[in-house]
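For reference, the structures are reproduced in the following blocks.
Both complexes shown next keep chain A, but they swap its partner, so chain B is in the first and chain C is in the second.
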Partner chain A sequence: MTSEALPVSTGIFRVDLWWLPRALALGLLAFIVFGPLANLVVWSVAEKWYFPHALPLEYGFGYWARVFSPRGNALESLTVSIVVAVITVIVSLTLAIPAGYALARLKLPLRGVILLAFLIPQAFPNLPVYVNVARLFYQIGLNGTIAGVVLVHVTHGLVYAVWIATAAFAAVDRELEQAARSIGAGAWRAFQDVTLPLAAPGLMASAVFVFLESLDEFTGSYFVGAPDVNTLPLLLYTAGAGGNYQVASVTALLLLVPSVGFMLAVERFLKADVLARVGH
Partner chain B sequence: MPTRFLALALVVPALAVIVLLFIVPLAASVVGAFEVGGGYGLGNFTKTFEFYAPDIAFTVLIVALSTGLIGIFAVAIGGYLTLGENPRTVAALRWLYRWPLFIPFIVVGQIFRTFIAKNGPVNNLLVNAGLIAPFDAVSLLDWRGIVLAFVWKQTPFVALLLAGAMASIDRGTIEAARNLGASRLRILMEIVVPQVATTLLVGLILSFVTMMSVLSVPLMINAQSPTMLTVDIAFRINAYGDYGVANALGLVSLLITASVAVIYLRVSMRERT
Partner chain C sequence: MALLELDRLDVGYGTTRVLDRIDLAIDRGEFVALLGSSGCGKTTLLRAIAGFATPSAGAIRVAGRDITRLPPDKRGVALVFQSYALWPHMTIDQNIGYGLKLKRRPREEIAGRVAELSAMLGLAGLGTRKPSQLSGGQRQRVALGRALAIDPQILLLDEPLSSLDARIRQSVRHEIRALQQRLGITAIHVTHDREEAMVMADRIVILDRGRIAQEGTPQEVYNHPASAFVAAFMGAENRLELKGRAVDGHFAIEAGPAHAACAIAVDGRVLAGGTVDARFRAEAACLIADGDGDGDPPAGLDLFGRVEHVTYPGGLWRHAVRVGDTAILVDAARAVAPESRVRVRVPAEALFLFEGRGGDVRDQRVPAPEL
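Presenting the complex of A and B:
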C-alpha cells in the first residue's frame, strides 16, 4: 500500500510509472471488499446452483417471495427485530441522556471510574455474561420475552449511548448555557432550550449506533431470546444452519441495508467536535 | 452537596443496569466456574483442560494472528491515506476501505461461509485462471476462514481510528523528514506510527476483545474441532446444560482478555490524567 511514487523525469515529461501497481492494488482491494458482498447478492437470487457451476443455472426472486410470503418468518422476525431495537433505543437514551449530562457537566465523585464502568461491557467477553444472564432470566421468567432481549441489548447499547452522549454534551459551549441562565432561564429551561438541542446531533448518532447494535446483536438474543423471540439474526442463523443459504442470504441483505446506509451517513451524524471529545 | 446528589441521581439508573446485568452476571460466571456439585472445587477446570486445551490454544492463536494482521493492514491503509501523493488513489481508498465497518458479524459469517467454500467463487476464480487444478480446490472454512472473516470485518474499524489520529498529527515533522529525503515507508514507521501508537493499541485491544466474544463467525465457519472457546461454551450449555464447565471456559477466555484489557485500562487512564 505504501508503494513509492517515484516520478521519473524524462526531460520535461514526468512519467508516473507507479499507476499500474496502484491500480492493481486498488482493484485487488475492491475485489476483497465487494467480492464477498456480490457473492451474497448472487446467492439471494440463485434458484438453482450446484457444483461444479461457477454461477447459478437459474436466477429469480423465488426465495425473496418465500421469505416475504405470509407463511415465511421474515416479516415476523423483521417486526420483532425493529420493535426490540426501537424499545432498546428509547430505554438506552432515557438512561444515557441524564448520565451523559452529569458526566459532562456536573461535579461527580469518581467520574473517571464511572465512565470506565460504562466501558466494561465492551472490555470483557460477553458470552460468559450472557450465559449467566440467561440462567438468571430463566429463574425470573424473563427468558424468551421481548423485555429480556431488550434488557440484554440495553446493557450493551449503554456503552455507546453514555460515551457519545457525554461527548455530545461536553461539546456544547458552556457560555451559551450561562448566557441563557443570566437572562433568567432556570437550570431545567436552559437544558431544555439550549443544551439539549445543541447536543441533539450527537445524541441522534448514539441512537443510531444503539439501534444498529440491537438490530445486529446475535449472541445475547441466541441465549436469552431463542427460540421464542426470533430476531432477524436468529432467523439468518437458523436458515444457514439448515443449509438454506438462499434464505440466509436474503436475510443477511435485509440486515445489511441499514448498516451500509449508516456507514455512508456516519460523518454527517457524528461531527468531528463530538468525536474528538469521546472518552474525555 | 446538593449538586453532587443530583449528579449521582442522574448517573445511578444507567449504572445500575450495567452493574445488575453485566457486572453481577460476570461475577456469577467467575463463582460458577468453581461450583462442583454442591460445593466448590477445581473439578470444572480439570475437565476444561482435559477436553478443551487444544481449543484454548486454537483461540489464542487465531485471535492473536487476526489482531496482528488487522494492525498491519490498518497501518498500511491509514498510512497511505495520510502520506499518499496521488489524490485520486487516496480518495478511492478512503471510499473503499470502510464498507465492512458496520456489517454485522452474523452477516460476515454467512458471506464468508459461501465465499471461500470449496466450490465458492474464490476457488472458482483460481481454477478458471489456471492457478490450481479443480481437484486441488480446498475449503478454507477452517482456522483460515475465521481469520479472514475477522480481518475483513475489523480492519476498517482500526484503520478508521488510525486515519483519524494520523490526520491530526503535526504535518511539520513529516514535511521535514520528506525534505531530508526519507522514504515514505520510513516516515510512516518512524514518525507517524509512534505518534499514533496509543490509538493503534486501543483499536487493536478493542478488536481483540470483540473477536474473543464473537460466537456467530466461528459457529458458522468452523464448528468442528478444534474450534473457538465461544463455540465450546455454547455447546456445553445447549448440549449438556453444564454451567460449571461453561463458566470455567468463560473464565479462561476472561483471563486471556483481562491480560490485554489491563494494558487498555492503563493506556486510557494515562491519557485522562
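Presenting the complex of A and C:
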C-alpha cells in the first residue's frame, strides 16, 4: 500500500516546487519584453517628467499631435519606410527564389561557400562599408534615392532571404516534383504547381525577416538616404539625439505598427519545421 | 511488336555502372515484375524508363518511338512512387485530376473521370480530404488513381506495396492485379518480394548486380532457375556440393559419405562434370525417419543426416538437418525428434544443379524471407 501511495505524493510535491522558478522565469521574460515597451508608452504621453519623480507629472497627447502634425514628418517617414521595406522584400525574393532553388536542388560545387558568401555583408564593420558605399553611390547618382536605400537593404536582407529560401526548397521532397513531371507537367509547370506552393511558408518567413530588417535598418539608410530619404529610424535618431524623448517614443511606437502588422499577416505561414531546415 | 523495348541499356552514376546492357521487350497488356535485392538496379531501371535516370548508352523505345532522351513529361509513362509522393497541398480530387488539368480537359470531363476512378479504387467520398487525412492503403490507391487518370501507355510501379502493413499488402496485390487485367494496362512493377512478384506478374525479370539474371513466367523461374543466384533468390536456399558426370542425357551423381548415388535428367542444362552446386527448397524435400518404411516418395537424391532441431513456423514443421558437414532445412508434416537419424529424399525435379562451386558471395545478397 505505502509503496503505491508514495510516488503520488512526491509527484504533487514536485509540481508545487516547480511553480516558483517557472513563474519567476515567465515574469522576468514578460518584464524584459514588455518593460521597455511600457516605458515607451509612458514616455509618449508624458507632457512633463523630470528627476526625481518616478512617474510623469502631467499626461497628454501633445507630442502625438506634434509628431502627426504636417511639420512632424512622421507619416511621411512611415510611408517611406514601408515603401522601402516592401520594395526590398520584392527584390530580395525575386533574387532568393531562383538562388534558393538552385542551391537546394542542383549539385552545385562549393554550395557551402556560396551560402557563406551571402554573410559577407554582415562580416565587416558596418560604418566603413557604408561610408564607401555612400561615396560610390554619390558618384553614380544613387545617393539620396529610394533605389539606393533599397539596394543597401537588399544586400543586408539577402542572407536571410537566400538561406531561408534554400531551406524551404530543400524541405520539398524531390519526388513530389517528379510525380508531377511523370504525369505530364513540364519543369516550369511542376515548379509552379508543386514546389512553389509547398515552399511558400518558408518564403513567407524569409519575407518577414527581410521586411523587419529593412524597417529597422539605420546605418546604411543614414549614409545613403539622409536627408532626402527620411526613414522612420532616421526620424527616431534625430528626435533621440535632440533629447526629445517624447517624440522619440512616439516614433518608436509608430515603428512597431508595420512590424507587428506584417508579423500577424504572415504568422500563420511561419512554421517551426521550415525554420528547422535552415542550413541543411 | 513489343510496346516497350530496352536495347542494350547502360545506366550509371559517375563511374559506377548500375545497369549493364539491359535488353528487355514488354508486350502490350503485360504485367512484368522486376525482382531483385536492394542495390541490384531495379529501381534505377524503372527510373530510366520514367525519365529520371539518364542512360549512358542504349535506347528505350515505346511503340517504336525512341524516348531515350525525352523529358519525363513527354514519355506517356506514369510512375507510382514508393513514397506515393501525393501533393499535401491538394485535395484527393485535385491530386487525381492534376494530370487531366495539365491536358486542359474541360472541368466537367475531369470531374467525371476523377469520380469514376475514385469509385473504382474505393475512394468515393474522400475527394475533398487532404492526403494526410488518409490511411496508407488509401494513399496508395490515390497514387495509383493519379497515374491511371492520364491513361499512360505504361504504368510503372516502384515498390508500391512496401509501406503497407503485411495484412493489407496481401489484398492490395490482388486488387492491383485484377485492375491491371480489367483495364488491360501494361505495367512494370519493381519489388524485392518474391511472393509478390509471383502472385502479380505475368513475367518475372530477376536482376542481379545490374544484369538480367533470368526472365520468364513465375513457374519457369520458380521451377527452372537458370543460375544458383536465381535458385537461391526463388527460395532454394539449401545448398550442397556434389560430384558427378554427365552420362547420355543424365547427370550421374557419385555416392558420397552422406548421400547415395543417383541419376538426374540433364534437361537442357549444361553440366560438364566434376563438382556441381546443388540447391533445393526446404518444402520440396521429403523427410523419412529411420524405421519408417520407404513409403513411395518420388525418385531422387537420398541424403543421410541427423535432425539438429525442430521449429514450427506454421503449417509444416521445419527441421534443421545436418548432412555431412553442411546444415540443411527440411519441412515435414510431422515433427521428427532431434537427434533422430533421418533420410532426406530430394525429388529429381526439385533438385537444381549448377556448374561449379560458386555462389557463396551471391548468397549474402539474398534477403531473409519475409515472415
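Keep this in mind: the second predicted complex is superposed on the first by the 234 of 280 C-alpha atoms of A that agree within 3 Å, B and C clash if a C-alpha of one lies under 4 Å from a C-alpha of the other, contacts with A are read in each partner's own complex, and residues count from 1 in each chain.
Methods note: a residue touches a chain if its C-beta (ideal position, glycine included) is under 8 Å from a C-beta of that chain, and two chains touch if they have at least 3 such contacts.
Source: prediction; values computed, not measured.
When both complexes are overlaid on chain A, the residue A:121 reaches chain B alone and has no touch with chain C.
Look at A:24: by the touch rule set out above, it reaches neither chain B nor chain C. Using the contact criterion defined above for the overlaid structures, shared-chain residue A:193 touches chain C, although it does not reach chain B. When the two complexes are overlaid, the chain among chain B and chain C that reaches more residues of chain A is B.
By the document's definition of touching, of the two partners only chain C reaches A:176; chain B does not. Of the two partner chains placed around the shared chain by superposition, chain C is the only one that A:184 touches, whereas chain B remains out of contact. In the superposed pair of complexes, A:98 makes contact with chain B only, with no contact to chain C.
Overlaid on A, the two complexes show chain B and chain C touching no common residue of chain A.
Residues 1-2, 4-5, 16, 18, 22, 26, 29-30, 32-37, 39-40, 43, 51-52, 54, 95-96, 98-99, 101-103, 106-109, 112, 114, 116-118, 120-133, 135-136, 151-152, 154-155, 158, 162, 212, 215-216, 218-219, 222-223, 233, 236-237, 240-241, 245, 248-249, 252, 255-256, 259-260, 262-263, 266, 275, 279-280 of chain A touch chain B in their complex.
Against chain C, the residues of chain A that register as touching in their complex are 173, 175-176, 178-187, 189, 193-194, 197-198. By the touch rule above, chain B contacts chain A in their complex via residues 1, 3-4, 6-8, 10-11, 13-15, 17-19, 21-23, 25-26, 28-29, 32, 76-77, 79-80, 83, 85-86, 89, 92-93, 96-107, 109-115, 119-122, 124, 128, 134, 152, 164, 183-185, 188, 206, 209, 212-216, 219-220, 230, 233-234, 237, 243, 246-247, 249-251, 253-254, 257-258, 261, 264-265, 268-269, 271-272.
Chain C makes touch with chain A in their complex at residues 50-52, 71-73, 77-79, 81, 83, 85-89, 98-99, 102-103, 146-147, 149-150, 152.
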